[in-house]
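Both of the next two complexes hold chain A, though its partner changes from chain B to chain C.
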Partner chain A sequence: MKRREFLKLFGVGVAVISLSDMLPRIMKGKDLVRPPGALVEDALNAVCIRCARCAQVCPTGAIVLAGLSDGFKELGTPRIDALKGPCERVQGRCERQAKCAEICPTGAILQVDRRALKMGSAIINADRCIAWSGGSCLVCYEVCPVQGAISLIDEARPIFHADICVGCGRCVYACPAQPKALSLSPKGERRPSSA
Partner chain B sequence: MSRAQLVRAVRLSLPIFTLAAIVLGPVFHLVYGSICTIGIGSITLACPLGFLQVSLASRSIILGLLVPVAVTLAFTILLGRAFCGWICPAGDLMQRFGEAGLPRKASGLRLMNFVEQNSTRLVLLGSVLVASAVFRYPAFCVVCPIGIICRNVISLFQYGSVGLDLLFIPVIAALELGLAPWCSHICPLGMTLRILGQKSPLVPIVDRAKCIGCSICTKVCNMKVALLQTSNAEDCSKCMECSLRCPTKAIGWRKRTEL
Partner chain C sequence: MEPSETRKDKSPLASVSRRTFLKLLAAGVSGFLAARLFDFLAPKTIETQTSTVTATVTKTITATTTVGPASKSAGVVMVRGAPNVGPQALVDKALELLGGVEKLVPMGASILVKPNVGFYEKDAVTAPEITAAVIRSLKRAKPTRVVVGESSVRGYDTEHALRVTGTRNQAEEAGAEVRDLRNDPAVSVDLPKGRAITSADVFKTVRDSSYVVNVSRLKRHSATVTTICLKNMMGTVPDSEKGRFHQVNLSQCIADLNSVIRPNLAIVDATKAMTKRGPTGGTMVGLNLVIASLDPVAADAVAAEELFKAEGVSDPRGAVSRIEHIQKAAELGIGVADRSRIEVLDVTLS
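On to the complex of A and B.
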């Protein structure tokens, strides 16, 4: 092989490897709420083959695929978008088995005990909340499947307990305020580290 | 419609049918997943390059993918790069775009002019695998045109929206203009299938007694296989353009062992 050819090939290799290093640094990963039983972030990004099966089988459509704005390494991995739907692993159609974990071919999402589930927590923005603004609304309190995650002050205004909340997103999805007073955060999440 | 037109119509519409099966499959509980890992009934196929990347990135062998990859491997050993010619939803588009830059060859701007096609592809494939292992994510999967198309049609069907990652396709296509056509010179998955399917018994063979040396077969080949100069047809995507367009019907599809 000619020296010139060798240098070009070397250049191609260096370019691909350094781009693979640089792009995730430029497009950094955001804090994403992941499906129930998803491996810890580094393991998930490594093992997920980005096949979208989990998004296809999610009965509520809560699983969407991470886009460019969610990070380069994260591209195509599943995340929970509570605006699309709530996760029904705690209560609902996935109570017996998480459908996403069942169909995942790589073990990026595992079946975990639903009583041990912690995907994150709901956060309230009281300025937007109907109840906190004096109106009468208890939708979040009524739809919450977890005892004690939301308590009421004066039987009228909701208080969120992030340590008890499992982050299913049911309240976020149901919140009638425009714009939504609730959002979902991965804060406090507990995820399996490997299969 | 002539036989050649019919074959071409089937070949060009199969990728669209595949995408339709991907989005409609779950509705009928028949097909699950994108081309990356597709389950059709009880049979699952998995992308061999995806398997290599996630295994290297996670530094473990993904047991759940072993059987699906073995099924793909069996098809590839038998059919070579037929996937590239008949199923891949990105290939035709990418290849056409890359070829649009071919006239520039004369100006010497294209990197590939100076570098042998196979060594470049091997370096590209190797770098992608090294990057996956070092940076702990499937480095090609995230920009793979096939994966991007599949994920976006699924997202379009489910939520009516597409992602910005679709922009990678024109970006890669633009790079192609300076490099070389995608399928035959760059695609790491194509290279993987080429390596796995190099002993495929299904190859075009020229009957030298009938051949008039017009080299139409070479001109029409989607994979730039120079059929008259070489018996090296590992890149053949079984598109059948050569055999259908040969004026003397000198090209047949026979077992390589008859050579």
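On to the complex of A and C.
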């Protein structure tokens, strides 16, 4: 076998193996945190026309478009990436109206009551947390706009209450630990089923 | 190989050509000048300042507000107002008691006013009326410029915070330029006295200002017990530094930062104080009080004591002595935290 042929075969082999590894994930999709007022998953994926306007108007840049690794059905639909910014529907520039819902041309994202908002919840990995490791931090507690979502043990270590947290991602964005001690999950989300 | 080996044997100077020598000389001279220039620019270099603190009614106290390791005492003024006394009257009286803006602020100064506008919540920020009152007072000293600069807490948009709290409008009306410092380039400054960090990135506007006026709100803080003037300086550094400070040692980093970016004038807005919890969501207590000093550490110590008193803490002074960043700032010689060495002039306007 020639060197060139061998390399070709090798390349194809690598591609096949990595695809077969990714394929189930692509077909199944990841658990994504969606913009405030996004329809339930199946409806969102059906109604969203992937126009990206929601991502363009999001004042914090929190809305990004799902990539292939987020799932085939989800590709191009909006998701919240708290590392890019927090969702300001609960507090900030979208308090009056969610700009993403306002601009959505198909009703894939609806204007829902701010007080009933539940996009998911923040999850703490205490091993990475500065405060849980004995340092002085509590940035999450400082920036949280929802009273009661984070409480403190001994005024020093944060505890997260998933039932109260609305999943705006403000704490995740601000967490100074590297790697981040906080992540956002759609756990507990409430979403409208249709207009 | 051989030539270089023979060169090694010669004296180092013998191998320097005329051109290299001149280059080295120029580098040396410019380095020296740069170092001198930096010293000169530093508004923060700790020096002895003497101010006359005048109690209008009864007596005149000369408070030597010396800072630095040799510091002996500091002067702090507290101006309380009856409910009908407005922010401008409180600020004017406080600055008058410190000696008057014309004496405090060098002629032609380039002033940075640093309010705390870290959040969108009105209670959590310096009252815009106080910020505006400070600007109006400072304008009397005929500075070349007054810039209000801030970068909010990470994840909070500074421009939105400036607008929604009314700070931008009121500060502009009072005649200041208002800047979101996040739009500024960051410059590195050395912190020769720093114990946790030896350098920090700060926003250019901050470094380029010759006179820094810190206008903080009196609040509790979850991680640092209180946030007053010293902690307020966190708004002069980019988000990456804010994050690093939390990772390294927050209290020491706050002290280290203030050792170089030291406010020349510290004013505490205690018209309302945030008690019990903070920096957001605490219980507001109306004090209608403004505290001012040329010593930011002393201002913090006195203001923190007032905060604890408002909360009904049994030993407010003892509580102040346990606030790490204030004590560490005193250890670095930034100012005086020892309450027995702080002369307080407490007046009430009616």
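We take it that the second predicted complex is superposed on the first by the 169 of 195 C-alpha atoms of A that agree within 3 Å, B and C clash if a C-alpha of one lies under 4 Å from a C-alpha of the other, contacts with A are read in each partner's own complex, and residues count from 1 in each chain.
The rule is simple: a residue touches a chain if its C-beta (ideal position, glycine included) is under 8 Å from a C-beta of that chain, and two chains touch if they have at least 3 such contacts.
Note that the coordinates shown come from a computational prediction; the quantities given were computed from them, not determined experimentally.
Chemist: Once the shared chain is lined up, is A:86 touching chain B (first), chain C (second), both, or neither of them?
Modeler: After superposition on chain A, A:86 lies in contact with chain C alone.
Chemist: Given the superposition on chain A, which partner contacts more residues in chain A: chain B or chain C?
Modeler: When the residues of chain A touched by each partner are counted, B comes out ahead.
Chemist: For A:147, is the partner it touches chain B (first), chain C (second), both, or none of the two (neither)?
Modeler: In the superposed model, A:147 contacts chain C only, not chain B.
Chemist: Tell me the contact category for A:65 with respect to chain B and chain C: first, second, both or neither.
Modeler: first
Chemist: Mind working out whether A:17 is in touch with chain B, chain C, both or neither, as first, second, both or neither?
Modeler: first
Chemist: Per the definitions at the top, what is the overlap between the chain A residues touching chain B and those touching chain C?
Modeler: No residue sits in both footprints.
Chemist: What does chain A use to touch chain C in their complex?
Modeler: 59-60, 85-86, 91-93, 130-131, 135-139, 141-143, 145, 147, 152, 155, 170, 173-174, 176-178
Chemist: Can you tell me which positions in chain B touch chain A when the two form their complex?
Modeler: 25-26, 32-34, 36-39, 44, 46-47, 50-51, 53-54, 57-60, 62-65, 68, 111, 114-116, 119-120, 123-124, 126-128, 130-132, 134-139, 141-143, 147-148, 150-151, 154-155, 158-159, 163-165, 167
Chemist: Which residues of chain A touch chain B in the complex?
Modeler: Chain A residues touching chain B: 1, 4-5, 8-9, 12-13, 16-17, 20-21, 24, 42-43, 45-53, 55-57, 61, 64-65, 67-69, 72-73, 75-76, 84, 103-107.
Chemist: Which residues, counting only chain C, touch chain A once they are in their complex?
Modeler: The contact residues of chain C facing chain A are 120, 153-157, 160, 221-224, 242-244, 246-247, 249-251, 279-281, 324.
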